[in-house]
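Some structures are shown below for you to check.
Next come two complexes built around subunit A: one with subunit B, the other with subunit C.
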Partner chain A sequence: MEGNFQISETTNLLRKIKEFTRSIVEDLAEGKSPEIAINRFRNYCNDPEADCFCSSDEPKGREILTLRKRSQTYRIDMLLRVLLIVQQLLQENRHGSKRDIYYMHPSAFKAQSVVDRAIADICILFQCSRYNLNVVSVGNGLVMGWLKFREAGRKFDCLSSLSTAFPVPVPVEEVEDIVSLAEYILVVEKETVFQRLANDMFCKTNRCIVVTGRGYPDVSTRRFLRLLMEKLQLPVHCLVDCDPYGFEILATYRFGSMQMAYDIESLRAPEMKWLGAFPSDSEIYGVPQQCLLPLTEEDKKRTEAMLLRCYLKREMPQWRLELESMLKRGVKFEIEALSVHSLSFLSEVYIPSKIRSEGSFH
Partner chain B sequence: MEISDPVPKLLLQLISSAFQRCRLAEDLCRLSLLLHQSAGNDPPITSISISDTGIGCSLVEFQDLRCPREFNGAKIWDGLLSVKTTCFSGDEVFCYHINLDEYISNKRIKRQPSQPKNGAKFSGTEVSLSVFGCIDALVAPIVTFFQKMLVLHLPNVTMDLVVEQGASPGTQTQYVFLMNGDQTPCFTASNLERLKSGLEDCVLRHGNCLEIMCEQCFSDREHLKVGSGTACPEENRKRPGGTMEVVIVISDLLETTRHCSRSCEGKTEVLYFDNFSPSPIPQVALSALKKIDWKSYGLILASANDQEGRVFLEWEHFPSYVQIQIALHWYHNKYPTTHKTEPGIDLVKKGIKSALNDLKTKHEGFLLSSHSRKICGYVPDLARSLAGLIFSSTDMDFQGDCLSVLGFQPQEAERDAVEDYIQRKIVSVIGMNESKPQKDQEAAPFLFFEGGSETSYFEDEEIEGEYYSTSLE
Partner chain C sequence: MEEDASMKFFSDQNTSYADILPPREARARIEVSVLNLLRALNSPDPAISHLSLINRKRSNSCVNQGILTDVSYIFLSTSFTKSSLTNAKTAKAFVRVWKVMEMCFQILLQEKRVTQRELFYKLLCDSPDLFSSQVEVNRSVQDVVALLRCSRFSLGIIASTRGLVAGRLSLQEPGKEPVDCSACGSSGFPISGDLNLLDTTIMTSDARYIILVEKHAIFHRLVEDRVFNHIPCVFITAKGYPDIATRFFLHRMSNTFPHLPILALVDWNPAGLAILCTFKFGSIGMGLEAYRYACNVKWIGLRGDDLNLIPEESLVPLKAKDSQIAKSLLSSKILQENYREELSLMIETGKRAEIEALYCHGYNYLGKYIATKVVQGKYI
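Take a look at the complex of A and B:
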């Protein structure tokens, strides 16, 4: 079924590409200036008091690309270049990464971000996700725990080795037959924490699935997490550093990123709870003073900017209070600072107690 | 002894009047100029005869002519013009002596005995005078004047100049000023049409210095891009109606042009005609030329120099193989007019812009502003991608459809030709966009919000080793 769906999606997309090409050709033949309307999406604005509709998945504006402005002409040029590659990928049923596309014309694209933007424009134009274009990303995430699944015929049996890290599958749409006996999903920001939990055989004593995006989560990790949530209906907890960067990662998992706001629905984890570390944890768990680092000016600016995001005020006021508290205290700390008392403090005390006390903010 | 300054000026005025008489005759006419320097006189004496077969002259033409007998203390002529004239229906040839040094009108013109025509039907005028000085200084300005008059391309007038020096059979040189035989405009062609073909010819023949097109610089007339424009002021009682006509010719020279000593050096001489006569450029026209927004046509004016009425425009960053020629013609709609006027600066600008816009319209992608030329930098790439989307499609129906829309036979279309065609179409659209008002260009890019930075949202999320995207605000 999955395969057939993908085939019809591909046919549909190829049809849209042809219609698009034909409309430009017709305009040119008639001596008309082509106009390409690209919807604009955003998942937040920076006015917490605004009566905005950022929570809606609908487009928040529209940009008309024409051949009148140099920047727009360049954008159309890049869009068409990438579209030509995408058409070939789809016709030949091959896949390529964004990086592959960049290296096909590095001098024309100049930067990876140009390709990313062209891909985003194409996705918005044809109302599809990136994977529909057969453009896949290199998987960066890891998973372990009480989980079994298949991806394109390959078996991923995490259950057979609960403390082994498995790569998050790419492409996620080919994941099927998910089986799990877990009670919750734990998302950790950093690979070091993930490895600590693996070493401590955390999953043997805790029936859970542990996922990490190894820092800022890529699309595959976020889509995989979303898939697990939908299929398994499990609570999801997130553990990040107590600093602005950790919070940013938490927000990206929870609300999605602005960059891919056009495809937010398949990339966000709306029910995710924040397990820690909270600013107050430094006192509760006795983090030594030398592990508390002062917030830099950049940290403060970033935090202040995040406090303005409308979704915090609207949906997660408790998170916002914690963020304000961090700013007020003027210090940050890494999650590993909690291990000062014992190496296994995270897996033996901190995480289980947080889960038990449901200390995470919904 | 050289002929003094006022004389060439007087002569050109007399030639111009003769030319007008021919022009108005609406029949084949000849304008002949004879310069004869007799031997043995000291100082040398040059006799000049200007004869034409145009309509007979009116003495009013001589009313405002002035030329002193002396210049800088030296005697330059006797001040007398001898005029013989008759109109087609007249029975006799009227003869006059006109003393240009005399300001009292009844003493200025003296009628001489007429000559009978004995029933012959013809019209024409002969004006003669004698000046002190040798002939050489006269020839160059007269030749240049005739060459410029050819630009007006009047089909009914032929002009020639005979220069005789010494007693018969002394040296005689004859100059004949003819239009290019292939391009003679018909009698019914408009003034503007004539000016167009005249300026084209002038360019091809290096300012009409050659009898035929310079083959080292041009391969054919098709290499010329020609634009023309007209502007007319509103007529009222105080201001009689007039017309400003402008023709601009831009030519791509052949590579072999470097072997041609006559090719220009990237300068543009602006030819100005006032009432069908070559004329020094008036100040308003010079100001108009300086005030044109040349940049919006992709041209950068470096300087506009007025060298005694001859105006030269110099361009910056202009390819050496391209030359631009401009001709402006201002004339009154009624002739002769007693009230001579100059065009206003806005009228001249309007005429020039109209000619530039005409060039743009006729030649896709030509004279684009620097902004549009930058946009055109993307055109080859855009065309390649579009052709790629068509030709790499596995859907043959789609391919055929697109090629038909572009006017190609699907079975015969070659990718390069299609790509070239798409390129031309895109360039034409960019040119068209330029001529549309700005209001249309910025049609509501954002319907709901102003958008913010265009690039900040698109940093790479997945570049290896990048812990955080810098765009995470």
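Take a look at the complex of A and C:
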């Protein structure tokens, strides 16, 4: 049934593309400039009172592109060129990445960023996600644990091999038959932490699903996580390093990214909890002094910029307090620092105790 | 993995290599090192003996040109560097080696494994005045490998799983169901970092070629388009610079299916060629382990004679790093003449190109390109 739904979505989109193009041609035939309205989206701002509409997914303003301004003409030109390629992809039921599209006409596009902008414009214009345009990139995420599902006919039986890493599937819309007996989902920032948990056979003694984006999470990892959350209705805990980069990753999972603000609904994980590591954990769990590395100037600037984000003030004041504490202490540390005294500390003590005692912040 | 010493030819006896050992034997070698040190201290003429590490510089690297076989490789010979406590330059490095051995011993005793990052933090806490960066830890680990002549994996250090495989291949781990690598979706099947597991996996295939792909994105495109059904083949990628596990896997495939040519699809730039050469010959940096996984890899694309297929705009200037890599490759003793010509062309024109440049002909062009080259035997 899902296959049919997708086919009709594609047909729908192709129809919309035809209509859009027709309206432009009609405008031109009448001698007037087409007016293309592109909504503006953002998922946060730096309003000190947090008295803004960022929490709503509605657009925050609009630009109207016309042929009367040269820079806008260029943008319309690029949009139409990319749209032509997207139409081909949809008609032939093939997929391409943003990079592939750039390489089809490098002389016209001149830079990858031009293609990226055109794709964002098209998604906003047709109110769809990137994958609806058949524009996808290779995935980087891994998953393991108490989970079974199917993707395009292939069975992923993570349950049969609890410590084996499976790649997160890229065409998330083709994931079906999700079955799980897990009690929660654990998202970890780094591949090395994922490896540590696999090596300790964490999923044998803890009934959960572990996901990693291997750093900054890509779109397919975020969509997959969102899908698991919707289908399984399980609590989600996030484990990142206690540093600005780790926090940025946590915020991306939870609140989405500015770049993909137009598609925020399917990409964020609301109610994701921050399991750790908190600045206060360094004292509670006895992280040795040598493992606390000083914040660089770059780190401090980043943290200060993040503290200005309205969603922290409005929705997660506790997270904000911890971030301020990190800035005040002037130090950061990685997850591995917690395992210095015992390699299995993370799997046997830290994570289970935090989850049991609800020590992670909502 | 056992090699009968009496069957080695003269040149082979000059090869230094790192064994892959079970934890017990790795611990035993550490214990032997400690005993040797104690014995020297306890002797009538007490001294702190120096450590003899296999020299990991270019000066100690040799080339084994395959004459009877067509596999050539780089290996490290038997020249040693001395690391001793009494020499101011090597004193710290000397102590670091012992520290790393102590740490690895404890980890092996607990029957655990550790990531390089965790090892760094443990050493940082234990001896902050000796270790201040990950680089120092990595170097000391390689020193231990050079001293004990055992692989990093044997010391209990977890290797990352970078490689992917897809295509007309079936893999069966002992005691498990066989996995069909042509039904892996578009992501391919991950190659395990556990070398013991890779060694015991049963492989069956009806492919006619093994195709190495440099980049993940290209691998993904080829697998999604099911190109392995048009050209009966198996695709392997290490997503960039090859790691030991992927090379091990390729080598095993090569041994299991010796009649299958191995073809490499890399970008037309010095870095791409360097990746091909690492699969083909091994590397000096990992010289004690890497040599045994050398394979007869041939270069199918992207090559100089393909440049007429790509638009002018896709030829971009070489970066400074590219020039460095090119220089390093050209000075290597092992690089064959036709590869040198390609490198010279890159340097002369000052340009490089990525495989994606072929997409200007349409995205299914890549499959046709490979098929044409394979059928016409156009690989070097």
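List of remarks:
Please note the rule applied: the second predicted complex is superposed on the first by the 354 of 362 C-alpha atoms of A that agree within 3 Å, B and C clash if a C-alpha of one lies under 4 Å from a C-alpha of the other, contacts with A are read in each partner's own complex, and residues count from 1 in each chain.
In the analysis below, a residue touches a chain if its C-beta (ideal position, glycine included) is under 8 Å from a C-beta of that chain, and two chains touch if they have at least 3 such contacts.
From a predicted model like this one, the values you see are computed outputs, not experimental measurements.
Placing subunit B and subunit C on a common subunit A by superposition gives a fit, with no clash between them.
In the superposed pair of complexes, A:96 makes contact with subunit C only, with no contact to subunit B.
In the superposition on chain A, A:288 makes contact with subunit C only, not with subunit B. Using the contact criterion defined above for the overlaid structures, shared-chain residue A:112 touches subunit B, although it does not reach subunit C.
In the superposition on chain A, A:339 makes contact with subunit C only, while subunit B stays out of contact range.
Rounded to the nearest 10, the angle made at the CA centre of subunit A by the CA centres of subunit B and subunit C in the overlaid structures is 100 degrees.
Between subunit B and subunit C, more residues of subunit A are touched by B. Legend: residue contacts after superposition of the two complexes on their common chain; A:328 is shown touching neither subunit B nor subunit C. Legend: residue contacts after superposition of the two complexes on their common chain; A:170 is shown touching subunit C, with no touch to subunit B. In the superposition on chain A, A:356 makes contact with neither subunit B nor subunit C. Within the superposed three-chain model, A:22 lies in touch with subunit B and out of touch with subunit C [touch as defined at top].
Closest C-alpha contact of subunit B with subunit C, superposed model: 9 Å.
Overlap of the subunit B and subunit C interfaces on subunit A: residues 137-138. Interface of subunit C with subunit A (complex): residues 107, 110, 112-115, 117-118, 120-122, 124-125, 128, 158, 160-161, 164, 176, 183-188, 190, 216-217, 219-221, 224-225, 311-314, 354, 356-360, 362-364. Against subunit B, in their complex, subunit A makes its touches with residues 14, 17-18, 21-22, 24-29, 31-34, 40, 46, 60-64, 66-71, 73-74, 76-77, 80-81, 83-84, 87-88, 91, 98, 108, 111-114, 116-117, 120, 137-138, 140, 215-216, 218-219, 245, 248, 252, 257-261, 302, 305-306. Contact residues of subunit A toward subunit C in the complex are 94-97, 99-100, 102-107, 110, 137-139, 151-154, 161, 165-167, 169-171, 191-192, 195-196, 199, 288, 290-291, 334, 336-337, 339-340, 343-344. Contact residues on subunit B toward subunit A in their complex (touch as defined above): 371, 374-375, 378, 381-382, 385-386, 388-390, 392-395, 398, 401-402, 405-407, 422, 425-426, 428-430, 432-433, 441, 443-449, 451, 454-455, 457-464, 466-469, 471-473.
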